[in-house]
Every structure is written in structure tokens, then in C-alpha cells.
Amino acid sequence: MAANIDDQSPETLGPMIDLLMEKGALDAYFTPIQMKKNRPAIELTVLMAPQDLDRLTALIFKMTTTIGVWFQFLDRFVMARSFRRVMTKYGVIKVKTAKFHGIEKTSPEFEDCLKAARKYQVSLQDVYQAVYQSL
Amino acid sequence: MAANIDDQSPETLGPMIDLLMEKGALDAYFTPIQMKKNRPAIELTVLMAPQDLDRLTALIFKMTTTIGVWFQFLDRFVMARSFRRVMTKYGVIKVKTAKFHGIEKTSPEFEDCLKAARKYQVSLQDVYQAVYQSL
Amino acid sequence: MAANIDDQSPETLGPMIDLLMEKGALDAYFTPIQMKKNRPAIELTVLMAPQDLDRLTALIFKMTTTIGVWFQFLDRFVMARSFRRVMTKYGVIKVKTAKFHGIEKTSPEFEDCLKAARKYQVSLQDVYQAVYQSL
Amino acid sequence: MAANIDDQSPETLGPMIDLLMEKGALDAYFTPIQMKKNRPAIELTVLMAPQDLDRLTALIFKMTTTIGVWFQFLDRFVMARSFRRVMTKYGVIKVKTAKFHGIEKTSPEFEDCLKAARKYQVSLQDVYQAVYQSL
Amino acid sequence: MAANIDDQSPETLGPMIDLLMEKGALDAYFTPIQMKKNRPAIELTVLMAPQDLDRLTALIFKMTTTIGVWFQFLDRFVMARSFRRVMTKYGVIKVKTAKFHGIEKTSPEFEDCLKAARKYQVSLQDVYQAVYQSL
Amino acid sequence: MAANIDDQSPETLGPMIDLLMEKGALDAYFTPIQMKKNRPAIELTVLMAPQDLDRLTALIFKMTTTIGVWFQFLDRFVMARSFRRVMTKYGVIKVKTAKFHGIEKTSPEFEDCLKAARKYQVSLQDVYQAVYQSL
């Protein structure tokens, strides 16, 4: 679902991403666009399950200045995911493995890395490198 | 409907937004994109009623360098709108009320506010604040 | 001079470009930026002669929500310009020649081309091509 | 100060804005740019007091993949600010008044409005409108 | 098909455009977006023939960090194209003519112009102008 | 140095980045901006050594439609760099170590990784992970 917003300030739009994620959106993001009359506007895109369309549309109508939204039904391919934990010099970090048609790839979980980076006062890159060294 | 344009200058693209709105598009806007070979290009998106597809496609083919457009049929939800006029210290301003499933919200009409801001030499924010104080 | 604006809607920001150009700015443009708290904000940049700094700063403070602007003094190189008129199948069009250190280049004037494109119902590209054929 | 970052993921860049603000930056924001080899990169800009240059440069070098930053000294004009509290139907909200050369403008404080919007389950626009009606 | 990528650096994303075009995509481009947690992310969009969906999805899963892609079937209008060669002062350049419903437009082929510009040490604009003068 | 370009197509602008880097620029990149009259334009920024200013300005004037550029002198902090080679399962890869005020960080060289990824038909992420495992 998408809405073009040209009559609301960034300050009041900012909290919408968190709010939509909390209320069950699969993803929500902004794209900078350029509308008529020199307006540097914003497209709000929300990905959601079909059964949430009515509820999240009402939320957007209530919480933003938008008075119209466009939507369509999309398909998607998603890799199968599994999780495990690895021990690193910055503590235990959860790691995600994704598989699809024989392709397999592994990546550290962001929230665990952020906590470790803050605790050990190192950069996120340091934590990611430590995870890769522990795989 | 959307077209990616990488062989036309901004100067010649700029007038397309006004032209498309005059010819009946519901909305028309640019998104900055990055295409192959380091090209900082532009996606032109046009929202329109289905019966205008053929006519507006021909207009885009005639007036831009594009030789292909992509399209799809979208659904939309639109809030019901009604209008009234409020008296402010900057004169009479039209105000729009939008309703949907028990949600109700009110906003000043941009063009009336712009005229008042120019006439009284104040900022648009001053006019919007005056409207909110008069509701 | 530049200001980051995160508390004003695109609708009310849009008219600032024309207003600043009318009031003597050399150039004025928006850049999409991303500020704290997920805000999809806008940087307004204004290029001007040094003697206009105080006057245009006051205009920005009056007409936008910004309460602070940053500025610096830039140098510039500008090509020397001269103008002439060429006869095309879409009428007479002004053409600009720019020179610098032995480099010379020629381009049609946008406003003349736009008028001709509207009068003859052709695209701007058609007019530009006609000008190049008449050089 | 500015750095162009083309070898760090958005996930690891995101926390830098909060971190820089916590450590004393006056402002920090991202601009989407397009670098060589088709890279959709990010410019990180940080505004700071001159005495923080060395300390915040070290923080950026430690916490991002950047190995070079560019800087310059800018001047700025800032409007004088004062604060007061207004009673609204959504509780007491702090309001900022900014003055400069006879220009005066008033705006609600974002954090107070966000708290009220969450408490009363209304949109930020509703709270802002209530503040304007109470001025 | 589209994927939002927030955990891969621009440096490693850049080569995907060329790779996708080599492997048969009709078009591939990046759009800067702003995702949750202050992430300045990238949407990768790929246009392709329906029969390539499975193959190119596997390529994206293998070569990027993405673990999910969204897709839909679009229709398109394409102008009929024909080619010819024109003699210019910078050598022979291929020229494309596109037709649709009585609209006809002509443009030089980029690769030919780039080769001529490099060979004659002139700007691409010089070559384009020479082509228009030879039509 | 920066130039705002609103009268040149992305197709003809794209090759400028490579050209500027070949001719000695330290960095060159595009930023999407929004200029007057609804133009979705491009700012070209070039970082260079002071002694190259005149030469690269002439190159920009010759090769783009721009007739004016703005410039300023910036300072910079750069981390000290050293290189070594590490053996990985995808062959030998050059690795860069950067140091500044006690901060030290290591990253693989992009061009080596790209060659290895192509040779072994794996993703760039796979090569980067292999490098981190070999450190």
C-alpha cells in the first residue's frame, strides 16, 4: 500500500514507521519524491498481510494527513530461515541462516550485535567481523 | 503507470508534471533512481483513471524521450470529503473535512492559504495557524 | 546558505523556491536528507551574492519554520555568455554561447523553447532538435 | 564535517545518528548520493562546535568504515528562543517562540506533542492543532 | 520484482546492476529509501520477462543479503523501433526511430556517441548536436 | 567543487564520474536535488587537490552543459593506511589497515574481492566473510 504525502512535516511523519511496525506491518519505509508545485514530498509504502489492509489503512488515515491510499496484491519469494547462536569475543550472538533452492547464506542478527557493540564500546563492524570469525 | 527516463534533461522533464495534471492525471511525480552506467535517472509515475491510459500513454510518448511505459491496475481507498469556509484574521479560507470509518480530520485548502499569505505578506504557517485557531 | 527543515510540510515549502528566486537568490534548491528519529527531511540550499545574506536570511526565518541557517562564502568560475537568435521551423529561438579558456558551447534558451513547444504542440525535444539543425 | 560512505551497510550506519547526537553533535544527517561503479552510497554530515572536531572525528573513524572526513568552518545565524507552557485539551505542552530582527514565530515542542499523542491515542496533527487553538 | 536492502554495503551492491543486465534483466535500478531505525537503505527493482522470474530471483538471493523479494506482473506499451545510420562530422552514428499511434521520434544511440566523443575528445553533447544537424 | 546541472540527460552525465576519476579527481559523485520549475536535477560534486582546480573546472565546462561551478577549500583528516595480503579459500586478497589516534580497523580491498567473486561464482559477501575468517 502506498500514499504520497505532501502536507505533513517530517517531524510528524517520522514516528509512523515505528507505529506501523508495532501494529503488524511487514515493512514500512519512505521514498523521497517530487510532486507538483515544487513540493519535496514523501511516499509512504507499507507492506502487509492482506487481512491487515483495512486495519492499517484506517491507522494511516487516522495518524497522517493522507486522504487516499493506493494498494495492490503482491506475491513474494522468501528464503527459509533458521537460527543458532555462536560464541564470539563479544559474547553470544544469534545468527540467521537462510536457504532457497540450494542457496545458503548466514548473517548475524542486528539487535544482538547492537547490544554487544554498546556493551563493549566497539563498532558494529567489529562485532560483525567477530561473528564471521566464529562461524 | 511508470517510465524510467535516462535520456532527457531535467529542464525538459520539469513541465511534464503540470502538463499531465492539466490533461487529467490524478497525480504525477518524479522519483530519483540510479540506473546502469552510473546514470542518475528519474522515474516518472502517473496515477490515472483506467479510461485515460491510452491517451496519457500517447502524451508521454509524444512529449518525453521514453519509448516504453509499464502499467498496472491499482485499487484505492479514499476518504469522503466535504468543504466549508472559515473566517480568519487573513480572510475567508476554504477548509476540507475528510471522513472514513468514524475517523474525521480537517485541513485548510492550500491554494486559499497561499493567496492569503501573499496578500498579507505572512508565511503559510501563519495562515495555517490562523485557520486552526478559527475552527 | 543552507537550512535543514524537519518541521514544515512539502506543501508549504514548495513556494519558497519561487519566492527566493524572485527576491534575488542566484539559485535555490531542495535536497532530500534523513535526520534523527526517522525523519525524511529537506535541506534548503540558497546561493546568493554576499550583500543579500542578511536580507534573504530574514526572509527564510520569516517564511519557513527554520530557526537557524548555516552559511559560508564560496568562490565560483562562470563562463562568459553571449546571446543570438536563430530561425527554426518553430519560430525564432534565443541561443546562448558560453566561452572559457578556449572552450565554447551553445544551447537553446529554455523559456523560448517552452513557448514554441506549447504554440506548435510539439515536445521540447523537437524544438531543441530544430534549434541544433539551424545552428 | 562530511564523509562519503560506500562500504558500510544501512543497518550498521543507522545507529550513528543517535550516537553522534548523544556525544554532542549539533546535528547529524544522511544524504543519498551516487558514487563511482554504480554505488548507491550515503554522505554522513555532522554539524558541531569547533572544539568537538577532534573528538567526533575519532568517534566516526572508530564507529564507521570511513577512513577520511572533510571539514570546514561555517558561520550561522540563529533566532533567539524562549519557552512557555500552554494548556490544551491534550494536557500541558511546551511551546517555543523564536525571534530575530522583528520576526517572531511560535511552534510546539515535538517531544511533548509525541507524548500527548501517544497518551490520548490521537495523531500528532491533532495535538499540534490543539496547541495552535490554545495560543 | 523489488527487494529492500538494508544490510549490504553500496560497494557490494554496485556490481548487481551490471550482473542482472548481463543475465537477462530488462532493466535494473536502485531507489534510495528510508527504513526503520534511521536506516538509509536501497530498493533494488528489476524488470524482467515472466519466464526469468525464478532464475533471477535465485541470482538475487545468491548474490545479495536479501532474504525476500516481492513481485507482480506488469503490462507495458512499447514503441516500435527501427534503426539507421547517419554520417556526422564525428563519424557514422546509429540512430533510433520510435513510432506509436502516429507519434514518431528520433534519437542517437548512446554507445555510438560515447565512442565518438572519446575518439574525437569532445563532449557527448557535441556528438548529439552533430547527429541532429545530420538528420 | 560543485555544479547543479538541470539541462543535461542522465545518459550523458553518467560517464563524467569515470572521466573525472581518470583525470585525477579524489572523488566525484551525484546528489539528486530539486530545482526551480519542478526540475528533478543533479548536483555534481568533485573533491580534488587544490592544484587541479583549474584543470578539472575546464574539463567540467568542456564535457557538461554547466556554465558555472562553485568551489571552496576544505580540510580533511585521513587515517594512515597500510596493506597486506591474506590467503583465503577464494585466493589471495589484499587487505587495508587504517590507523588514527590509537584506532585501528581492517577491511578487504574491493577490486580483489570482486575478481575473486567472479572467478569462484560466489557473492561478494561470501568473499568478505572469507577474508574476515582469515584475519
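Some observations on this one:
In order of appearance the chains are A, B, C, D, E and F, and numbering begins at 1 in each one.
Please note the rule applied: contacts are C-beta pairs under 8 Å (C-beta built on N, C-alpha and C of every residue); 3 or more make two chains touch, one makes a residue touch a chain.
Nothing here was measured: the structure is a model prediction, and the numbers come from that model.
Because chain E and chain F share one sequence, their contact can be compared position by position; here over half of the interface residue numbers appear on both sides.
Separating the centre of chain C from that of chain F, both taken as means of CA atoms, is a distance of 27 Å.
The centroid of the Cα atoms in chain D and the matching centroid in chain E are 36 Å apart.
Multi-chain contact residues, meaning those touching two or more other chains, occur in chain D at positions 7-8, 11, 15, 17-18, 30-32, 34-38, 40-41, 62, 65, 72, 105, 110, 123, 125, 128. Chain contact topology: the protein chains form a complete graph, every chain touching every other one. Remark: chain D residues 4, 7, 31-36, 41, 43, 57-58, 61-62, 65, 67-72 touch chain F in the complex. Those residues of chain B whose C-beta lies close enough to touch chain C in the complex are 8, 11-12, 15, 32, 62-65, 110, 114, 123-125, 128. For chain D in complex with chain C, the residues that touch the partner chain are 17-18, 21, 27-32, 45, 47, 72, 74-79, 81, 96, 98, 100-101, 103, 105, 107, 110.
Note for the complex: chain F touches chain B at residues 5-11, 13-15, 17-18, 30, 32, 35, 37-42, 65.
Within the complex, the chain D residues that touch chain B are 32, 34, 36-38, 40, 105-106, 123, 125-126, 128-129, 132-133, 135.
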